[in-house]
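There are two complexes below, and they share chain A, which is joined by chain B in the first and by chain C in the second.
Now for the complex of A and B:
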């Protein structure tokens, strides 16, 4: 299907790394995008935002190197939206080029999704799960930094490390004690 | 490769009270998986539908009637050090003196307040899940009337009670000197709750913290209480959601006829005697999609703050009102679980 996102269906642009943030929380995604663009980076960063997938095919966009699904633990709608969107991503993307970001864990009283649900989702898709309260500026800046590094690896700009290497590195150190920050 | 053998003590489908306790705590599961070098994949919780506990037959309905139809504010409490049930009279005396001293300090300033109060500690028999659970006890502040011609027993100003229903996971981890009563319920003036809390914290080296109930747990309560068989429905089933928007948040209230809610639940429910995460999610999703069809609003993007059924009603700020005597223990069991989770 033409609407499915594939990692290698386009040629890469020179020295460009593109990230796609998918989530229902427009304000948070925008803030995260701004934080990422503020980071010092040797590559040219492009941040695309989408509420859900599939993306409109009419737009001419560069090859996407990394997809981050942002799930708000306060909103079941956000989780359902993510689950719907995941159907439009090709399986080969899940070799290190997808990650999940759960926000809102800090406000336990507002959570309507159990943490286990997102852990299970990330596990099903064999992709890393990151936690970050995107509303908190300090946490968001740190997460932005982290995502920029991961993006550079996924775009192939870091010699010697590929997205798949990174994924297996993250997986082998993932013990019960680390999964639970 | 990782093996996906996660040890989980699944309950057998019997209605003995000892079997009520479902599964190991997250802490125990984690320790188990580290020991076995397996990857920890959390499994969705399953819970038993609250049945009438056998022990509840010991409870005199008249004696616990005062617990129903009252709004209680919930707190979780860490285990009490060197608390003794034989010293209740002593504690009454000490707490009485403490309260009078505190009020005379002017810390709780209420104009025209009568300082003639009496504090009573008493045990609540039968308010437990298994024999292992410690006895529940009750603290009441009564106003002592000054005129001898009036009733000797004055008006109840404040009530608080401590209980532990199926608190096995906590009981296993503490030593002999501690008494585990993780759930504390208070009704009355906040100033009194604060003073009494301070006395307990100083005397028994424990810690109170307000027990909030998040939307996830409220939807579990909604499903479990709708599943309960009630002879006649005293209240409509009602939900309240809070929509975060500026400048003021919007509240959405959704009321259903309780028989319709029960019918919906019955069509979803599969395993008798057990409630699973999928069933709870499906129940809530049915309500959300029905609402969306009519009003084009995604309730799943809002926050559930209040659930009200004929069995009980709960608010996210940690307020509960139990309406049905039959399921008193069941409701308290879930609250105890939340309290224990908060302590751990």
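Now for the complex of A and C:
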């Protein structure tokens, strides 16, 4: 039986915001998690790390507020893993609670995935695409900060702003659409 | 002292880094303590070298002394050469004779000298019943070239010898013959194994790489030890795939062991296989002849890199046996054909 992640199948815990990072390279996810947890945050943060979806079944897992798919542009395996994992995410997650994070763009000679491919993937799933070389401490810290803010919004901890609000905000500030490129 | 010998010694000493100079000169044991004490090693290198040459002249250094210095330099800088591995075998029913080092050296030298007339052969014995052989090659009409020697390290209690790769390949059969006959073997074969790291080649060939050393960590259960480094103790982080991580760790440990891997720089696979495709009617699939293709994996430390692939999430565990069999099969050159 294939298990699908749904955004509202559990009750939220008090003041808790949970992010799920999905990616093949555990070390990168771990580093990003550490950076996020260093941030000052009014909410209680929880980070779950997974290599792929579906997740092993567990009753104790908190409600997931935001999923970030980490794609390493140096690895076709990483992209393939992301594409397969996406099938196990319920459609309602894509209303602002999913985003893609592409790492490795800085070392262009090592990239085996074209930027266009991830752009298209993010566009297909109507979700934002962020770029960050996670191996660079400074970039990672900035991205961690940003993700914490997005997470708080997705968890409903920021009054007046919902995940869907944020999504439409990001979309309207986007450049020309994919077809125009 | 011959001018060519002086030049040879000078060039050898110039190669030696200043911080190794006293160590190597002491190992050479040609210049006496008293002589060495007269040298001011804090001078500029050229002055030090000049002084040393002068002392060598005083002591009338011979070509053999110079060759010995070259051997010692190479022993300290083994990684500058690429080493091939040769395996010898005795004929069927041949007795295992007691090895006589003196007889071996004489026999080896004679065989080369008879064939080439102009050849410089020098020996230096080391521990583990090994002998380093240096050969400078000449021809019937030309003097030996001291600057392009071949080195052979022969472990006399084993059928194995390690030879430095050289560009003068035409002498390899003769060298093989000399080695085989002098060591009372019947046949010599080149193994598909090659690296700059002589110690690692030894460990692989003599199957000594899989010793787990007893350390204070060995009493900690494996799980804790290997995962302790990975899992953040922060309780706010949850690893969803802990079972999978453990599986990968276990498989990696079963395949590669707990010990440090021998150091190799590459693995090369020569494929001669027919093209296999799921698509019907593909032009390549209809081809009768096998496709030829060469795949080379390079790394400063190939086996450690392969070991870390699955735990890093870059590849699935278990890895292909073609990669993991390298130390066990004692090969890093493979030819793959369809069965």
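FYI, the second predicted complex is superposed on the first by the 171 of 181 C-alpha atoms of A that agree within 3 Å, B and C clash if a C-alpha of one lies under 4 Å from a C-alpha of the other, contacts with A are read in each partner's own complex, and residues count from 1 in each chain.
Here, contacts are C-beta pairs under 8 Å (C-beta built on N, C-alpha and C of every residue); 3 or more make two chains touch, one makes a residue touch a chain.
Remember, it's a predicted structure, so these values are computed and weren't measured experimentally.
Upon superposition of the two complexes on chain A, a steric clash is found between chain B and chain C.
Shared-chain residue A:46: touches chain C; no touch with chain B.
Once chain A of one complex is fitted onto chain A of the other, the partner contacts of A:24 extend to both chain B and chain C. By the touch criterion stated above, A:80 is placed in contact with chain B alone, chain C being left untouched. When the two complexes are overlaid on their common chain A, residue A:138 makes contact with neither chain B nor chain C. Applying the stated contact rule after C-alpha superposition, one finds that A:56 touches chain C and leaves chain B untouched.
Legend: residue contacts after superposition of the two complexes on their common chain; A:120 is shown touching chain B, with no touch to chain C.
In the superposition on chain A, A:109 makes contact with chain B only, while chain C stays out of contact range. When the two complexes are overlaid on their common chain A, residue A:160 makes contact with neither chain B nor chain C. Chain C is struck by only one stretch of chain B after the chain A overlay, and of the options 202-210, 256-264 or 328-336 that stretch is 256-264.
Overlap of the chain B and chain C interfaces on chain A comprises residues 24, 75, 77. Across the complex, chain A meets chain C through its residues 20, 23-27, 30, 33-34, 37, 44-52, 55-56, 58, 61, 75, 77.
Those residues of chain A that touch chain B in the complex are listed here as 24, 74-78, 80, 108-114, 116-117, 119-120, 123, 174-177, 179-180.
Of all residues in chain C, only 230, 232, 234, 236-241, 243-245, 311-315 touch chain A in the complex they form. Chain B meets chain A in the complex at residues 30, 33-34, 39-45, 212-216, 219, 277, 284, 288, 298, 300-304, 316.
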